[in-house]
Every structure is written in C-alpha cells, then in structure tokens.
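In what follows, subunit A forms one complex with subunit B and a second complex with subunit C.
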Partner chain A sequence: MIKVNGLSHSYNKDGKYAVKDVSFEVKEGEVFGFLGPSGAGKSTTQNILTGLLKLQEGEVTVAGYDVKHIKNEMFNRIGMSFEQSNVYSKMTAKENLDFYRKLFDVETKEPQFLLDLVGLGDKGNIKAGEFSKGMKHRLTFARSMINNPTLWFLDEPTTGLDPSIAADIKDIIKAENKKGVTVFLTTHNMYIADELCDRVAFIVDGDIKLIDSPKNLKMQYGDKLVEVEYIKDGETINESLSTIEENDKKKLQDIIGQSDIQTMHTKEATLEEIFIKGTGRGLI
Partner chain B sequence: MLKKMFTIFRRDAKVNTREFLTAYIMLAPVIFAIAINLIAPGINDTTVNLALVKGDDEQMVAYLEDFAKVDVFKDVAALEKRVGRRDDVFAIVPDGDDYYVLQQGNEVEGLEQYATMMLTFYQEGMRIEDSTAIIHSFDRTVPPLKKLLVNIFMMFSAIMGGMLIAINIIEEKEDRTIRAINLTPISRTAYIFAKSVIGITLPLYGSVVLVVFTGFRGIDWGQMMVLIVVSTLISILVGFTEGLKNETVMDAAGSVKMLFLPMAGAVAVAEMVGEKWQWVAYWVPFYWTYKGVDSVLTYNANWGTTLLYALFVVIISIVAYLILMPGIRKGLE
Partner chain C sequence: MKLWYSFTKELKLSSKGFYFYIEILMAVIIITVLLVFIPENIKNISDEYLMLDMPAAVEEQFISPLLSQDLDGEIEIVALELDKEMMDVRLIESEDQRIYLIDNRDNLIALSKKDRPSASAYISGDDISKLTYEYYIQGYESERLQNLYMIIHIEDIMTIANLASNQKVVALDADYDHLNSRESALPALLTFNGSMMGLFIIAAYIFLDRQQGIIKAYAITASRVWQYLMSQVLVLMTVTTLTTFAILLAVMGFKANYLMVILLLLPSAFFFSSLGLWVASFFTNLTQAFGAIYFLMMAFMLPAIAYFIPSWEPLWIKFLPTYYLIQGFKESIIDNGDMGFVLLASGIYLGVGIITFLLANSRFEKTLTA
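Coming up: the complex of A and B.
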C-alpha cells in the first residue's frame, strides 16, 4: 500500500535533512506505527506521503500512486486525521462533514453516522467553535473517515481524549482495520502503538532505526523478568528476577516456597523501553 | 470540479452571513445606494417644490407645473403641515385676491426667490414663448455627482470583494483547514478559483444594487458587468495575498483597504487633472474601470472602448498576478 525508497527531505535545501534516506514498506491491511520523539521526522514523512509536502528525493508510491506526480484522485482513497484538530469553527459539526463529503468523487459516509460513531451524535447542530478540544479532535477524526479511505493516516489519534473516548477511538481503528483498511499511525504514544500496530518503525533524527512487529522487538530487546514483593523475617523485600537465568529461577523457587509473597507479576519490556534501548534516545 | 468549486463558494457565502463584519460587507452596496439616494437629491435637484390649495386656481397649477413640482392640498392647514416637514417646500397660499409665499425659514438660500418669481411671472401673464433666450446644451442628462458616487461605490464593492476573500482565508488559517482541503480531490488551482468567486459575485451584486437603486437602469448592463468583473481581478489577488500574509481579520482588512488609495487617486486624476497628466494614473486598474463605468453611466459607452478599457485592466492584473501568484500558491501549501 505504501512503498518508500530512499526518501530524503531538506526544508531549506541546505544539506540539513529532516528525513534522510528513509525506506520502508506498508502492506495492505496492515496497521503500521511510525514512532519517534518530536522533531524525529514523523510529520515530514507523513506530509510527503499525503502530498502535503513536495517529494524532493527518493521514490514514494501511496495507494498505487506515484507521489512525485500526485493525482487528485489519490485523495479519494486516503483519509487523514490530524494531530491538531482542523475544522471550521463557524460551521456546525454536521455542516463541517457535509461540506467535506461534497469534495470527494467516491461514495461517502453519512455525517450523522460518523457523529454517532465518535460520540457526537447529539452535537451535530452545534458550531465546532463551541466544542472542547477533545470534541474537535473527535470531529477531525470522524471527518478523516468520510470518504471510506482504504489508506488511513492517523496522527496522534487519541491525544487529548479522556480514556473512555480514547478506547472508543481505538476500537474504531481496529474495526476499520478488520474491514481491510490500511492504517499509518504516527504517534509518540507507545501504548497505543503496542496495542494497535502490526509493525512499528522507530525514527530518530530523520533516520529509521528499527522496523519490526512489537512482539519481535520485545523478544529481541526485552528482558523476561518477574517482579516479586515478599516478606522475609518481618521485612518487605522487592526483587526483579530473570525467568531465564538459572540463579534467578532457583531464587524465585525458594521465595515461593519459603516466603510470604505479597505481589508477583511478570514484567516484559515496554515499547518505550525498547525504543530507548534500540535508538539510544528518549521519546520526548 | 465545478460542483466542488460551487460547494466551496457556497460555504464561504454562508459563513460570511454569520459574522457581523462580513455580513456588513455584503450589505454595504445597499447602504451605499441608500446613501447616494439621500445625498444626491440635495445636490442635483434644482426643482422647486410648490404646494397649492386644491381647486383654488387650476390655471395657476397648470402654469406652475411647467417650472416646478407642484402638489395640491385640500386646505391651508394641510399646506402649513406640508411646509413644516423636513424638505424644502414652498406653499402659495391664497390671501383674498392675492397670494403669499409660505416657507419654513430653513430652506436652501435663493429658492424662496425662485418661488416668488414664478408666482410673479404667473400674475404678470408671462409665457415661456415670450423668452428670447437661446439655449446650447452639452446634452448631459445624468446628475454628475450621483454618477460619480455610483461609480466610486462600484469600485468600493470590488475592493470589498477582495476584503471578503482575505477574511475567508484568515478563517481557513485560524482553523487550519487549508491542510484538510489539500487532502481532498480538488486541485489547488480550482480551490483558488472557488475562493475567488465571492470576490466577483459580491461586486456584481453590489453594482446591480447600486444601479437599480440609484435609477441608472437604462445602462448597457453587459458593458457594466465586463468592467466590474475585470476590476475584481486585482482585488482578488490582493485579497488572497493579504489573507495569507496577515494573521488577523483586522490586519487583513486594513491591508486590503490600502487599495482605496490608488482607487481614490485614480478618480482624482480622471476628474481633476488635465489631459496631459492623465498618464500618471494609467498603471492603476481602477483608473480604466472608472473611465469605462463613467461612460456606461452617461449612456455614452460603446463596446469598442469598453473592451479596450477592460483589456488595460486585465493586462495590469496579469502583471500583478505574475508577481503575486507564487506567494499565493506557497501560502496555500
């Protein structure tokens, strides 16, 4: 669905690259996470893929279209939910969606259906300018689905949303993906990436450091640990023990047999930890 | 594509009616027309308004109607009431076998003498045929100030169209919606054209309102439309540029207002400067629009001259387009 080969971009064309020689591929029906800290080159890459930025170097095809010679019809196939909500504040939620649907040449979703989907069903006749930040974000998200995109770009889709709404948004993404929609997810939130993505790419300083599935990355970079809290001789002790190393395994058996265990859980590495390990950089 | 462009135009028009400033801009031509009609009679109307008692002297009524606007009233009380109103009306009131002229006292200076003289002429039995005066005429039938104001306000409308575009662009910037539009299957060129439509329709509607309300209905509408449409080109370009350059509506409106300066300058040159200095305003598109519309409003225009003036405006606008368009395209990215 997306093929990127040797993509480089310099804003001032002065040899300082925001992204440098980036190559990756996103398969049809996949949820692909593009992860990195601010200024890593996520937005630059995404903007080139969506045609918002002109392709300078490299070869990029999106939904079968060559981005170098972008055709307007490509936009019938893609949807984009922006990190910063961008809806007409002087128009109602319904008017916003009604307006956008008329700009596409393909079958579109009913505005009321979309508003219901994102929990704004009863707010259709309220001007978007009167919406809270979260509501505007949901409206922006709803708008990105209006043309039934086969390739869906999501930029921080759950930012600023309360946990229950964020959970709903994640469910919508999963449901659309189940229908065959390819998702390109840009985020610095490793939890949502871990939950949704089939594969993730870690980008730092315009360079992709790692690409793989979260599961493989965890296996490759994560430590298999058990955290246990127990009482021994009247004293509370916390320990992290490896489930692989023999000494730790034996010690764990002793603790289970001889001590009063308060809590015990396995602790696999998070994507965030893997990111730090794999790239040598934090996510902020 | 046309359908999509219409969708964008309709959105702009709809939203513009919801804001005070933009709604005012859309209503401005009507206000201008009313203002011209209120101001113009005081300047142009040299007719004396006379009020007489009905049935008093039918012959006198018929005589005076040749020289003045005459209204008849049922009695002296009604005459007094009429004279007491805001405008300038003189009553010729019967007083036994004679008449006296009744006035409010605040009428335009000299008008009372005109009314008195007409009464005297009637009483002395003087007829227009007795005059030996020879009249030579320039055959100008249109009140000059009224024509000037209508012409200026038509160009005002064109600039207001540009202002509306600037305001709409600022709205798109504030709401960050241009990026979303860029991800729809409408080309950037089509989008620019669609956003420009309001900058053409407002001046056209404004000009029609001005012409109809101020009584120039007999003009060649086709010629007027051509001149108005070409005069919007420069306003549209400036509207886009200022909309993209400025961050607030007030800043953009202020910048677009700068167009009033060359417009006023062009009118001043056309009206007050000698023929040999007219060239100083040739670079201002409004100069050619003003001259063209002036001919149309005086019913002296022909298609050859109109199209020539329109061509000058288009050429100047193309030069402006070449200078401003790269910035506009970049600003919309």
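Coming up: the complex of A and C.
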C-alpha cells in the first residue's frame, strides 16, 4: 500500500535533514505504527506521503500512485486525521462534513452516521467553534473517514481524549481495519501502538531504527522474566527472575522446590522499554 | 463543480464574517461622503483684499463694473478682525468673489498676512487707465501666477480684456462630458474600494483559514488548492462588484456605463485579490503581513493623489496598477468614455492577474504545512 525508498527531506535544503534515507513498506490491510519522540520526523514523513510536503529525495508510492507526480484521484482513496483539529469553526459540525464530502469524486458516508459513530450525534447543529478540544478532534477524525478511504493516515488520533472516548476511537480503528482499511498510525503512545499495530517502526532523529511486529520485538528485546511471590520463614517475598540467566534459573528452581509459592507469572517487557533499549532513547 | 461548492460555501461563510461587514461599511461610508459631504458642485468663492488709493471719481470708475456683478448691487459694510479689534470695510460680493476694500495700507498688509486671501493688492493712480498695482503675495503662489501678475498690467488693462474676449476656447472633444465634483471623486474612491479592500480582505480571510489549518484539510481532498484560492478570489470579486454597483447607483443612477464598469472591475478585482493572496503567502498571520500590505496600500493611493492634483503626475506613477483603474473608472462613468482604453486595461489586469494567481498558488502549495 505504501512503498518508501531512500526518502530524505531537508526543510531549508541546507543539508540538515528532518528525515534521512528512510525506507519502509506498509502492506495492504495492516495497521502500521510510526513511533518516535517529538521532533523525530514522523509528521514530516506523513506529510510527504500525503502530498502536503513536496517530495525532495527518494521514491514514494502511496496507494499505487507515485508521489513525485501526485494525481488528484489519489486523494479519493486516502483519508487523514490531523494532530491539530482543523475544521471551519463558523460552520456547524454537519455543515463541515456536508461541505467536505462534496470535495471527493467517490461515494461518501452520511454526515449523521459519522457523527453518531464518534459520539457527536446530537451535536450536529452546533458550530464547530463552540466545540471543546476533544469534540473538535473527534470531528476531524470523523471527517477523515468520509470518503471511505482504503488508506487511512492517523496522526495522534487519541491524544487529548478522555479514556472512554479514546477506547471508542480505538474500536473504530480496529473495525475499519477489519474491513480491509490499511492504517498508517503516527503516535508516541506506546500502549495504543501495542494494542493496534501489526507492525511498528521506531524513528529517532529522522532515522528508522527498527521495524517489526510488537510481538517479535518483545521476543527479541524483552528479557523473559518470571515474577514469583512466595512465603519463606513466615514472610511474603516478591522477586523477578530471568529465565535465561543461570543464577536466576537456579534460584527459581530452589524456590519452587523449597517454598510455598503464592503466585507466579511471566512478565513481558513493554513496547516503551523495548523502544528505549532498541534506540537508546526515551520517547519524550 | 467543486469550485462552485467551495465558492458558495465561502460566500456563505464570509457573509457571516466580520470582514464582510467592513466592506459593506466601507461602501456605506463612501456613499455617505459623496452624497452628504461633497456637494454636486463645489463653489469656489475667492476673497480679495484691495486698497484703492485714488481720487473719488477714479475710484467710482474702478468700482462700478465690480458693483454690477454684486449680488444686490450695493456695497455692504462688514467688519474684519485685526489684532482683536473689529474694523469696518466695504464689501462687494458677487457669485464667485468677495472683494474687500480696505482703507489703510498697514491694515491691508496685516490682514493679508493673517487671512491669506487669494489676492491682495494696493492700487493707486489718478487715471483709470494708468493705475499702479502692488501685489502682496503669500510666497506659496506658483511662479506662473507671479509671472502673470507681472505682465498683466504691462498693457492697458482694457486691451487685454478685449483680446481675451476675442479669443475663442473650443473643447477638442465636444462630446467630452463634464463630471460634477461628486462624480469626479468617484474613480479614486471606487479604486480604493475595489483594489485596496480586495488586497487587504483576502489576506485577512486567508490568515483566518490558515490559523484554523483549513488549507491543509483542503489539500488532502480530491479538490486542489487552486480551487480553494480561486473560491476566495471569486468571493472578493462578487462582493467588490456588489459594493461598486451600489456606490455607482447611489451617486450616478443609470448614467454610468455599467458594461464598461464590469469589464474593468472583474479583471482588476481578480488581479488585486490575487496580489493579496501572493503577499499573504509570505506570512503566517495578519500582524506580520500588515507592514507589507500597508506599504502596498499607501503606494497604490498615490495615483489617486495624482488624480486630484492634475499638475502632479510623475512618470513612475504610471507603473502603479491603480493608475489604470482610476483612469478606467473615469472613462466608464463619463459619456462616450474610451472603450478601447478600458478594454486594454482590463486585458492587462487579466493577464497580470493570471500570472499573480499562479505565483500565489505555487507559493501556497509549497507552504501547506507551515
């Protein structure tokens, strides 16, 4: 669905690159997570993919279209939800969607259906300018689905939303993906990425350090740990032990043999811990 | 089609916005100024201070032709103020002239200094055909007038008067209609309304949208950025046309050549709003852009000044785009105006407008994420 080869971008063409020699591929039907700290080059990359920034170096194909010579039709197939909501504040939510759908040449979704979907069903006649930040964000999100995109760009879709609405948005993304929509998700929220993404790319300083599925990354980078809680000499003791290290392994065997075990489970490293290990950088 | 949707939406949006009312207000102000404050014909009444130092009989001879022009045929006695004291003087008042006859030379000079009449002279002599004229000038009079003062009395006054009445002045183009003062103020005001407002308001619209990130959202639809920009330009063209027609109808009724007006107005509004777009593309908000826009507006006002002061018209003023708009408006509101000129001007506005629009468009496409 997306093919990127040797993509570089320098805003001022001064040899300082916001994105440098980046290559990756997004397969049809997958949720691809683009993760990295602030200033890593996530938005830059996404803006080039969607034609908002002019391609300087490299080859990029999006939904079968060469981004070097963008064809208008490409936009009928992609949708994009912006990190900062951008709707006409002087128009109502419904007018916003009504106007927007006229700008596509393909079948579009009913505004009311979309508003219901993001929990704004009864707010359609209110001016977007009077919306709260979260409501505007949901409207922007809803708008990005209006042309039934087969490739869906989402920039921080759940940032600033309360947890229950964020969960709804996550469900919508999952449902759309199940219908076959390819999702390009930009975020620095590792939990969302972990939950939604089939594969993630870690980008730092304009450079992709790793690309793999969260599961594989955990296998590769996460220490496999066992957490045990046992009673010894009348005292409850908690301990995390590696299943690889020889000393830990021996100790675990002893505990199992000699003590009264209360609980015992394996613990996975979080994506965040892996990111730090894999890139040597924090996420902030 | 998408352009049409965008245009109607922008039109609806702008009718709800603040700047729309600025434009309406501007038109109302122009109409009010023209209809209320500028009389159809400004009467130019000039004041002259004279002192006649001559025998009574000669003075009689001098005054009587003046008196025949007087409104009531009689000399009035009025008071003029000098150094907080009132002083009685004689006044001969005609349709376009007030001649004050002052009896004391020092007072004449003092009064002339203080009141700056359009002419002031000390006239003496014993024979009506051999009078001596001493003019007191303010210093700002043109050299032409000063020269005129010098030669006007070389010959016998009567000879000049005879010569003058034997001269015949024929207008070169007999069809060339005279505009009244209201109408002749129109071209400059219409230009202000049509060009400056377009330039400024479109920039304001763009910055409003840019702040809201709307251009970005537009750019990822199957509609192109030029359609967005064009819809803004069309809104401006529509509003400018409406306000211009309102002003013209209010001031001139159906006397103007509305076909010529529209031929001139649409391409010029297109050019000026494209220019506004292009200027706006270099800035991120109105405050930043204000300097540049202000400078352009001031520069574009200069042809209006040249229009009102015919003797000041340096060559470079013809390079300012508003120059042709003013001239064009003038041609379209006088009878038998020069259609050729209007067509040429509108052709140039269209051509330059297209280039400016393309420049603005490419600037916007490059700065979508800014």
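Please note the rule applied: the second predicted complex is superposed on the first by the 249 of 284 C-alpha atoms of A that agree within 3 Å, B and C clash if a C-alpha of one lies under 4 Å from a C-alpha of the other, contacts with A are read in each partner's own complex, and residues count from 1 in each chain.
In the analysis below, a contact is a pair of C-beta atoms (placed from the backbone, for glycine too) under 8 Å apart; a residue touches a chain by one contact, two chains touch by 3 or more.
Please read these numbers as outputs of a predicted model, since none were measured by experiment.
Colleague: Report clash or fit for the pair subunit B and subunit C bound to subunit A in the combined superposed model.
Modeller: In the superposition, subunit B runs into subunit C.
Colleague: Between subunit B (first) and subunit C (second), which does A:Tyr230 come into contact with in this model arrangement: first, second, both, or neither?
Modeller: A:Tyr230: touches no partner chain.
Colleague: Taking the superposition on A as described, I'd like to know which of subunit B and subunit C A:Phe32 touches: first, second, both or neither.
Modeller: Neither subunit B nor subunit C is touched by A:Phe32.
Colleague: In the overlay, answer first, second, both or neither for which of subunit B and subunit C A:Phe184 touches.
Modeller: Neither partner.
Colleague: After superposition on chain A, which segment of subunit B among 23-31, 113-121 or 131-139 overlaps with subunit C?
Modeller: After superposing on chain A, the clashing stretch of subunit B is 23-31.
Colleague: Please identify the positions on subunit A that touch both subunit B and subunit C, taking each partner from its own complex.
Modeller: Touching subunit B in the first complex and subunit C in the second, residues 50-53, 72-73, 75-76, 78, 80, 82, 84-91, 99-100, 102-105, 140, 143 of subunit A appear in both lists.
Colleague: List the residues on subunit C that touch subunit A in their complex, please.
Modeller: 2, 5-6, 9, 13, 16-17, 212-214, 216-224, 365-366, 368-369
Colleague: Spell out the residues on subunit B that touch subunit A in their complex, using ranges where they run on.
Modeller: 3-4, 7-8, 11, 14-15, 18-19, 171, 174-177, 179-187, 333
Colleague: Which residues, counting only subunit A, touch subunit C once they are in their complex?
Modeller: Its residues touching subunit C are 43, 47, 50-54, 72-73, 75-76, 78, 80, 82, 84-91, 99-100, 102-106, 140, 143, 147.
Colleague: Which stretch or stretches of subunit A touch subunit B in the complex?
Modeller: Going by the criterion above, the answer is residues 50-53, 72-76, 78-80, 82, 84-91, 99-100, 102-105, 140, 143.
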